[in-house]
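Paired with chain B in one complex and with chain C in the other, chain A is shared by the two complexes that follow.
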Partner chain A sequence: MLKFLGRRLAASILIMAIASTVVFFSIHILPGDPVLILLGEQGASNPEVVARIRGQLHLDVSLPQQFWLWLKGLAVGDLGKSLENDLPVAEVISRRIPRSLEIIIAGLVLAATLGIPLGTIAARRRRRFHGTLASALAVVGFSSPVFVTGILLVIFFSLWLGLLPSSGYIAFSEDPLQHLLFLCMPALAIGINFMGVVTRVSRASLTDILRRDFIRAARAKGLSASHTVYRHALPNALIPVITVIGVRSGNLLGGTVIIESLFDWPGLSSLLVHACFARDYPVIQGTLLAIFAMFILISLLIDLCLGLIDPRMRVQS
Partner chain B sequence: MKKKMKSWFLIVLLSAALILGPVALAALAETPKVGGKLRYGTVTEVSSLDPHIYVGSAWKVLIEGLYGQLVGFNQNAELVPELAASWEIPNAKTYIFKLRSGLEFQNGEPLTAADVKYSLERIKDPDTGATLRPNLEGVTITTSGDDTIRIELPQPDATLLNVLALPEASIVSKSWMETGPNIKVQANGTGPFKLDRYEPGVKAILFRNPGYFKKGQPYLDEVEFRMIKNDDARVNALRTKAVDMIDFVPWKDIDALNRDSDIIVESAGGAFMNLWLNATKKPFDDPRVRRAFAFAIDREAISKAAFFGHGSPLYGPPTTSDSPYYNRDLANSFGYDPQKAKALLKEAGYPNGFDLEISVYQGMTIYTTTAQIVQANLKKIGLKASLKLLEWASVVEKKNSGDYDIMVYGVSVKLPDPGAYSYYFGAESTYWAKPIGFRDDRLEELLIQGRAATEISARKQIYHQVEKRLIDLSPWVFINWRETAQAFHKKVKGYKQLGGGLAELSPGIALPILWME
Partner chain C sequence: MSGKKIARLKHFLRGHFSLYLAVIVLAFVAGAAIFAGMIAPFDPLEIDPGNILSSPSASHWLGTDEIGRDLLSRIIYGARVSLSVALAAVCLACVFGIPIGVFAAFAGQRLENAIMRIIDVFVSLPEIFVAIFVLAFFGNSLPTLIFTIGLLYFPQFAKVAHSMARSIKAREYVLAAVSLGAGPTRIIWREILPNMWSVIIVQISFTFSFAMLLEAGLSFLGLGVMPPMPSWGQMVGRLKDYLFNNPWPVVFPSIVLFITILAINLLGDWLQDRLNPELEE
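Up next is the complex of A and B:
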């Protein structure tokens, strides 16, 4: 197991190195000058001023040199400073990561607790009313775009019922109740969309498992239908579901732009988008690096999880 | 008899109460209430609080809340003393300011003439990248005593007071700056509010500054700025009372919010949309071609489609009708007249038209819709235009390198004075004329005269000629005013939206005297 972890870790570091190199050079190739954006029309009207500011931000040296400077910083855990406000990138990102994780985890928990039972119903009652209804809910969930679901949620819960705040964020430490109220709708929007995917995957997977010989054998031994499903079929069926949840949560780290914008939730995605438009290179690089790292961490966790559920995985590794 | 007296007395009392009651109530209602918190939702994700580098309209409001300037504007659009108690202009090249006594920064240190000198020099320093640096180029600042500042200009400039009244000319503390704070996320000014907490691009919380030099102000205890970039989220936050006031009301929502009996919308023209024609390229170097564009555009259609009726067409120069410099005889220089446009093209030697590309910012529908209508309008006069959608960074790059044919571009009025024309078209201090490759000696001469003249009647005459020249040469094709609207709940009192160069400043001007019912 340790050997397996070590190998995975080494591979991860290599992947991160390649990914961040690609990111570094590709964002610098894009047109657009951060200094001109920073200073605005009036401030940037003089080439001398632009040159001086570029010097201050170390943007006047060649690209490989900039890359070397960045790597040197990275080696000692320094992600650099934001071009816009001189704040250390690590500080900015570490403030945002928990917020992003919070809506993603809340959304995923919601998706799993609704999606897996729905998927099970859909698989067991395939051609009956309940099963069809569950499948229909899944289709509605994953095929309605989050901005539509989000707007509908706002109209229903905020404008009509006045139960939930339409958007915003406050730290848990400042006002726990308000914090949870703010969390509800972004989590719901992610959850509903993702629930559809979970339902579909668990339905397909369970349907497949239920046709296997060992299920027939279990039933032949005299086990009850529900015992067979919940004790023998479902754990096997969950393997692809967990993989999907893992991959998907990795995607969500930088992919909740619409949700964050709609609900004014200051997470990692909105930071990344703002930094891209401002060409704030250190922030873009730092954020992407953090997303890569978490992605790799999540896939590692999934492998460990699968190992726990599926003894075959442990033997293989 | 006694009884009669009594009832008579009662009648008098009752009628007095009836007459005076509402008057007293009204007076009571208009007496500002001290205390309370204003929650303000803004479109700009303010990412830095450096008081000398403009980053968007909400930045102006924040900086006016935190810092003070030598002079300022009031809600009647008049120039008023702020940190300076008075000033003298012995000649058009010399300005002498006398500071108020007892001014203090928020960290308790006194404000002296040395701080003013330091601040203006920081603006001049190329290492700062300050927004107003071009305006203060060549200026020398000297102090005498703790309260007198003398500013000498290289050439006469009647716009200096207006410039110094902008938040971009805020006064910072010299000694505090020398301690090396990160002025982009920290603040120490003389404004009505102190910075309590700030997360760039997300939120800023301001508390009352008890040491503010205007007695009894500000009325509010606290202002919370929430940066809500998403238009729908901002409007919904206002509707659900999560915020009390929002800026930059989306044009599509102005009418709907106006219908809400609990919400007030105040708007005024503060920026104007243009078509920039690249004068370094053929055929846009020919004024006749540019004028053809000015006649070809259906401004009414743009106002309706792109601004939902909240963008009055601009058929003349961009001077608001409430300005003393407004000219009725130039206000309708153009109209929608495709025939005339065609004739002008023919005269310029393009009877069969030509192909061109319209570069446009893709991030806002007011830009893209305007471009689409322009494209259709140009087709009518035989020009085949294609659209090129660009994100902001590319717009800036193309604009500066001059790599475009024509561009849809919005400009906010930079000064409440026609001296702003020299920003747009002057050869020396300009940042806009360069990108369109336009230069005209006659115009240049007039702009210098305008800045040197101090008498309003003389200035009126000069700027009349400036505007005439601009209409004749049409370096920019003015399209329409872009209304800047603020919306707030009825309980927010004391706001007044000003137009033109003061549109962006209005929330900042109102901030110390806003109050909550």
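Up next is the complex of A and C:
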């Protein structure tokens, strides 16, 4: 187990190192001078401003020196300052990471609690009404773009019923109840979309397991159908489900971009979109790095879970 | 129609009901995209300032948008944009992905491993972030958008093509061809490619829906298809701001987008069951 953990950790660190290098060079692969693009023709006519921005971005020293400064900054958690409002990027990002994680985790929990039972129904009652309905729900959830789900939720819960606030954010420490009310729709929108994926995978995997010999053996020795499914089949069927959740965690992260923008949720992705429009390079670089780190961390956690559940994983690859 | 015929039709439809619905929807959407100029009741760019954000009416069947353009016409022209972006991106992904995958299968152990490792890294990247990054830095023109989406999905084709090529390569009829003296070029053209089209077709149908979703998401954020050219995602993104003035205009493009993607996925599922029943997810 320790060896497996070490290997996975080393791979993650390697990917992170590659990601940070790519993010660093991103500003240099731009066609044209980033400072001139940032300031526009009018702003660029003032050499003082140009020099100041150049200094802020460390563009006034040689490339190896820039890379060194970037690495040195990374080592002490310094990602530079925002060009827009001079706030330290690392601080802004660390405040926003938990907010994005919150939506992802809430959505994931929803997707699993809805998707796994639906998948089980779909696999057990394959050609009957309930099973077909469960499969249909999965395709619908899977096919609905997150922003369409989100908008329909807003129309239903905010406009018609007036139950939930349509968008915004209140810190949990300020007002826990309000915070949860604001969280409802973003989490639902992401959860419904991901539920489709979870349902489809758990259906396919459970269908496969239910055909195996050990299930027939369990039934033959007199175990009830539900005992066989819940005790023998489902635990085995969940392994691919966890793998797919890991592989698709990128989708979850990607979903937050649209959801945070739709619901004005001040997370990491909305910061990225905003910074892209404002061409705030330090913020773009910092946010991308944080998102890659989150993505790598999630994959690592999923792999560790799999290693714990399924001993075969520790030996392979 | 005789009773027997109706019974047979009913039986047939019961098994494939969702498939027929999907094909009809897709035929409609594709028709709208191709014949947009003939069927759209208005110019999609024509502004009617006295008539903004209106609900469905006799003259504007689906109402109007935030500056008074006819929504039905914009949805029809939007079909053209959304479908052609996805189609072009999928073609690009095929053209890059399949040769790379097949090449890797014949390249010898070392090179094969190296190529597939790189492909694995590409597959695991969260697409939308890469797309946002590229579009924000290189500017968002239509060719950049298509190129970005195509490049984001080519690794999936490379992966599928690689694993298919490897498994076909080990089959007996390929061994037979090799023992008869066929070279790699002949093997690839005459044995490998003709035998993997079923898997590729399924991959195309799923990638098509992913590409449409990605385009819609990017356009929703204001980074994809640029106004005044309409795309469904972009229309939803703009009209959502007026949801509390009138929810109707935002509902229509949302529903059209949803139904189209649903239809593509249903078709993809059917193709998967039909062509490769042994492979499930």
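To be clear about the criterion, the second predicted complex is superposed on the first by the 280 of 317 C-alpha atoms of A that agree within 3 Å, B and C clash if a C-alpha of one lies under 4 Å from a C-alpha of the other, contacts with A are read in each partner's own complex, and residues count from 1 in each chain.
Simple rule for what comes next: contacts are C-beta pairs under 8 Å (C-beta built on N, C-alpha and C of every residue); 3 or more make two chains touch, one makes a residue touch a chain.
Note that the structure is a prediction, hence the values are computed from the model and not measured.
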item	value
Chain B versus chain C as contact partner of A:Leu262, first or second or both or neither	both
Which of chain B and chain C A:Ser166 touches, first, second, both or neither	both
Contacts of A:Val140 with chain B and chain C, given as first, second, both or neither	second
Which superposed partner A:Leu288 touches (first chain B, second chain C, both, neither)	second
Chain B versus chain C as contact partner of A:Ile15, first or second or both or neither	second
Touched partner set for A:Gln56, first chain B, second chain C, both or neither	first
First, second, both or neither for A:Leu152, with chain B first and chain C second	second
Touched partner set for A:Leu272, first chain B, second chain C, both or neither	second
Residues of chain A contacting chain B in one complex and chain C in the other	30-31, 151, 154, 159, 166, 261-262, 277, 279
Touch list for chain B against partner chain A, complex	45, 47-48, 53-55, 126-127, 129-134, 182, 184-185, 199-203, 226, 228-230, 232-233, 236-237, 239-240, 242, 391-394, 396-397, 400, 414, 423, 430-432, 434
Chain C residues within the chain A interface of the complex	18, 121, 124-129, 132-133, 136-138, 209, 213, 216-217, 220-223, 233, 236-237, 240, 243-244, 247, 250-251, 254-255, 257-258, 261-262, 264-266, 269, 280-281
Residues of chain A touching chain C in the complex	15, 18, 26, 29-31, 136, 139-140, 142-148, 151-152, 154-155, 159, 166, 200-201, 204-205, 207-208, 240, 244, 247, 250-251, 253-254, 257-258, 261-262, 272-273, 276-277, 279, 284, 288, 291, 295, 299
For the chain A and chain B complex, residues of the former touching the latter	30-33, 35-46, 48-50, 52-53, 56, 82, 84-87, 92, 95, 151, 154, 158-159, 162, 165-169, 261-264, 266, 270-271, 274, 277-279
